[in-house]
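Take a look at the structures below.
The same subunit A turns up in both complexes below, where it pairs with subunit B and then with subunit C.
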Partner chain A sequence: MRTLGLIAAFCLGGLLFFISFDFPSWGDALSPASRHVSPYYIEHSLEDTSVPNIVTAVLADYRGFDTLFETAVIFSAGLACFFLVRVSERQVPAARFYRHLATGITFRIEKGGRLPEGTGEFERIDSLWVPYDVIIGMTCRLVVPFIQLFALYVIAHGHHSPGGGFQGGVIFGAAIILFAISTNLRRTLKRMSERSSALLSSLGVLIYAGTGLLCLFMGAGFLNYRALAAILGVDQVAARSDGILIVESGVGIAVAAVMVWIYYNLSSAGKQDEGL
Partner chain B sequence: MEEQFPAIIVAVPLFAALLVTLVWWFDNRFCFPIAILAGTVSLAASAGLLLRVLSTGVVEYRMGGWPPPVGIVYRVDHLNGLFLVVISAVSLLNLAGSRTIAKKEFGEKLGAFYALYLLFITGLLGILITGDAFNLYVLLEIASLTGYALIGMGRRRAPLSSLNYVFMGTIGASLYLLGVGYLYLITGTLNMADIARILPAILPSNVVLLAFILCLSGLFVKMALFPLHAWLPNAYTYAPSTVSSLVAPLTTKVMIYVMFRVTLSIFTVDFAFNSIAVRLPLLWLAIVAIVMGSLLALAQKRLKKMLAFIIVAEVGYMVGGFWLGNRAGMNGAVLHIINDAAMTLCVFMAAGAIVYKTEDDRLSSLQGMFRKMPVSMTAMVVGGLSLIGVPPTCGFFSKWYLISGGIAAGQFAFVAALIFSSLVNTVLFFRFFEIGYFEPFPPEKTRHHGHTGYLAQSKEMAEAPLDVLVPLITAAVLVILLGLFSGEIVTRVIQFAIPAVIG
Partner chain C sequence: MESIGDLIIAKYNYWAVITLLLIGLYAMIAKKNLVKKIIGMNIFQTAIILFYVSIGSKKGATIPIILHGPAGSSHAVHAADYINPLPHVLMLTAIVVSVATLGVALALAMKIYSQYGTLEEDEILEKIMESETG
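Up next, the complex of A and B:
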């Protein structure tokens, strides 16, 4: 079976290699790919959408329908991860650890024992706890807001430079995950609960799909941002540009929230009690 | 509103899936009604669209208002117009019957289940309706990803089977994507009609040939054609009941549709049937699939696994019918996609109802079940008769077309394989009937084999609840109705779906 697989892989690899001699040469200006549709994008994207970044115009407008479903794929991944990995909250771990804040003594409390929650004198710590490093903790606290600000810039500036919803969303999500890694899962969950990460992931895609449906109900086609001109009070070309910004923000929200949601489930094996 | 139907068919289930995810964190009860509503809207829009195609011909819908090669278009002709109605109807029917069983199978994750269900339907409907080769891949991703998640929630070996499916499915989808990439390289466009317009000028080309091979091999993995079928039986057997009766009738059929679409609308009839000698090898592959699928079904001891191997054989029917390359064969293949969706739905829903009660899908556990669950068992027999090919069930008519196509093409091996497979199905369902009807219900047996069968323990074995039965009966009636109206379907719709060049 192993050899069979190896032979198949070599056959496919050899085929792909030898067929590459029939390709148009690299960077050929006369190749079909650079002669047929792409010149249209290069020549018309600015006048059609008033977006200088051609990639953004193609991604969010000309082929915006694909991008809607790419976002839906990411959302499905988050949902699938939750569906398969998450275990019921009612499951109580075998033992929990608490540290007395004043003395630094750690207690191990067995299942069924009385938990010192709410007294304010104890802090819950993970069973695989490693002492927090001051340098790491402090650096992350300093860096996280700037990363988030940069993420917003990347989303907002997608019209003019490389960037957009996917990239900005990933950066934003990474900032939250960085916070979770440098502290612990419970502290992160207090700031952004699982429910809000789930709600935000669907809300992000909902903004995208909702914009599409709004255009449809305004009488133009699905995702035809031109229809937004009447609502936004701008001309039709500017409406396309604004429409792109709206859906890019939706993508950003969805991507950031899905990353956090997946992190919550994977880092704690679905229990969302103890974890990184 | 009518001109917006193509977008509504896909956008409404997507929107509903997102809405379900929002709502179920607050209240579980709204999920099912929202899902049903979205499915109904989709079905109504598909039906309206088919009527429009029948009266005015091909319907085109431009996403974002951009004309074809620049933007993405939806293109609906007789072929996918018909399948849109069938697929949305089948998924809605299964959804209607899922309520009780899903509550038991998924508990507090019910909302996530319905959201994934709706996303899965969105993916399949999007694959059917699109006229863009890359958009098809994106929707394929959605349908696959949600399918893996849904299957993975089953019992026992489900996560492992699902993982196996993930590997195989990813390979298949990647091969298809690679093929589309090659096509883009050589034509510079992703629009199907545009590719088909450009290709004849650059033929013969090795790149196009390889793109064809890659696309088709990828699709063969996805549709589980015989030597590449290994992921299917376990995935369908261990999946939750409501999921098997969703995935089994739909996934393989939609993938076979994609093969039709890719061959006819991208690579063109002339290239696929005349320029390259691929017709006969693929026909023989289909013959082997039919024979092997049937033989392997014969060896199974579990109900759902037996049905899964029957699907492997059925895939051979449709692939073979298509590559016969004549009108009767293609008529049969298209009609069989519809009929197979209906009859697989019927048998898998019946199996779901039975397993819901017995908590065991071994054939031996069906003793005396005709007395205990007469409706479910009768529905299973109706589906079984259709799989065998007994008139007036729909399975007879499509098999008739396939056999006459095989005779017209002089491919008697294909005809023999079809008859052999029918015989095997006869044996399979008579065994089922014998165990269920003639062997008595064991009185001393507690009807669960060590599983946590709380229903089986607390209540006496009886028929499944009414909200499972009504959709099941509807599916069984549908199997017969499709048979009675199959002549109408062929003359009114299918004959326009097949290119005129095929004689």
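Up next, the complex of A and C:
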């Protein structure tokens, strides 16, 4: 298999290397990729949508269908993870571990034993628990809110600077995952439950598709934001800009929720009880 | 007759992409561990993403965000001044989708591990053969 792989890789590599001489040179302004639709996007996006960031304008307006279904792909990936690994029945683990907060002594409580929940003196810990590091915990606690704020900025400022729903959503999800890594899964689940991550991920797709349908009901084509001008009370160009923002926030919500949802399922092997 | 140096400068982005592509392909074919195969798939995806982004570049052009003065002042926008936004749009979604599909791949690997107790391809095949005959 190893030699077969090497032979296949080198054959393909030689072929591609040979073909690369026919490709346009790097930085060629007249390469085929830059000659057909892209000049139209560059020259008209500002007057059509009043969005200076052409990538955002193309992503959510000119090619809104593509992005809608990409968001749907991400949502279905989250769903697929859920159906693959989630253990639906609530299994009682063989033993649970608790740590006395004042003294730091850990207890192992066998199945059927009385659990010291609700006393406030004990904290449940994972079976593969290592003591929390003060520096890591403190740094993450300080940094996580700012990462989330930055994520919102990236989503909201996607019209004028590099950014948008996908990037901001991933940053937001990463902040929650960072929190989960620096503390533990149960504490994260208390702040953002599995149910809410699932609902938010479908809500994001719903916002996107709903905006498209709203345009349809207003008498224009699917995802033609110009039709929203009457509802938003702005002119048609500004309506396209606002439509892009609505859609991008939907994408951001969906992406952030799906990232967190996938992390919950993968890190705990579907049990959502103990995890990283 | 262009010199060999010009040729290298004009094409080396493709060679870098091809190298990455082959590393990913080789890992997917030759490695027996499923997680290593998934890593190979990700390297392959990275190569494709770099390929798309590199064909969007134009010499002397800036990022595809239109420079605009205060409101009201309009000036003509020339396509040659801004790099091609289209590959960036396509790859932006592709990157996030690749992360999501990576999640699905890892979930499948996890399921396989809990079923067979190993992630080595040959051992999994052996166990499947055993369960079929026995």
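The definition used in the following text is that the second predicted complex is superposed on the first by the 264 of 276 C-alpha atoms of A that agree within 3 Å, B and C clash if a C-alpha of one lies under 4 Å from a C-alpha of the other, contacts with A are read in each partner's own complex, and residues count from 1 in each chain.
Heads up, the rule we're going with is that contacts are C-beta pairs under 8 Å (C-beta built on N, C-alpha and C of every residue); 3 or more make two chains touch, one makes a residue touch a chain.
Owing to the predicted nature of the structure, the values given are computational and were not obtained by experimental measurement.
Student: Once the structures are superposed on A, label A:4 by its partner contacts, choosing first (subunit B), second (subunit C), both or neither.
Tutor: After superposition on chain A, A:4 lies in contact with subunit C alone.
Student: For A:64 in the superposed arrangement: first (subunit B), second (subunit C), both or neither?
Tutor: The first partner, subunit B, only.
Student: I'd like to know which partner A:72 touches here: subunit B for first, subunit C for second, both or neither.
Tutor: first
Student: Check whether A:223 is in contact with subunit B, with subunit C, with both or with neither, and answer first, second, both or neither.
Tutor: first
Student: Go through the superposed model and pick first if A:95 touches only subunit B, second if only subunit C, both, or neither.
Tutor: neither
Student: Contacts for A:212 in the overlay, against subunit B (first) and subunit C (second): which applies, first, second, both or neither?
Tutor: After superposition on chain A, A:212 lies in contact with subunit B alone.
Student: One more residue to check, A:162. First (subunit B), second (subunit C), both or neither?
Tutor: It touches subunit C, and subunit B stays clear.
Student: Answer with first, second, both or neither: which of subunit B and subunit C does A:37 touch in the superposed model?
Tutor: both
Student: If you stack the two complexes on chain A, which partner ends up touching A:231: first (subunit B), second (subunit C), both, or neither?
Tutor: In the superposed model, A:231 contacts neither subunit B nor subunit C.
Student: Based on the A-chain superposition described above, do subunit B and subunit C contact any of the same residues on subunit A, and if so which?
Tutor: Shared contact residues on subunit A: 16, 23-24, 31, 33-34, 37-38, 41, 63, 66, 70, 73, 77, 80, 84.
Student: Which residues of subunit A touch subunit C once you look at their complex with the stated criterion?
Tutor: Where subunit A meets subunit C, its residues are 1-2, 4-6, 8-10, 12-13, 16-17, 20-21, 23-29, 31, 33-34, 37-39, 41-43, 45-46, 52-55, 58-59, 63, 66-67, 70, 73-74, 77-78, 80-81, 84-85, 160-162, 164, 166-167, 169-170, 255, 258-259, 262, 265-266, 269-270.
Student: For the complex, give me every residue of subunit A touching subunit B.
Tutor: Contact set of subunit A toward subunit B: 15-16, 19, 22-24, 31-38, 40-41, 61-66, 68-70, 72-73, 75-77, 79-80, 82-84, 86, 88, 195, 198-199, 201-203, 205-206, 209-210, 212-213, 216, 220-226.
Student: Residues of subunit B touching subunit A in their complex?
Tutor: Residues 4, 7-8, 11, 14-15, 18-19, 21-22, 25, 61-66, 69-72, 108-109, 112-113, 115-116, 119, 122, 126, 134-135, 138-139, 141-142, 145-146, 148-150, 152-153, 159, 182, 184-190, 198, 202, 205-207, 210 of subunit B touch subunit A in their complex.
Student: Report the residues of subunit C in contact with subunit A in the complex, numbered from low to high.
Tutor: For this pair, the touching residues of subunit C are 7, 9-15, 18-19, 21-22, 25-26, 29-30, 32, 54-61, 63-68, 77-80, 82, 84-90, 92-93, 95-97, 99-101, 103-104, 106-108, 110-111, 114.
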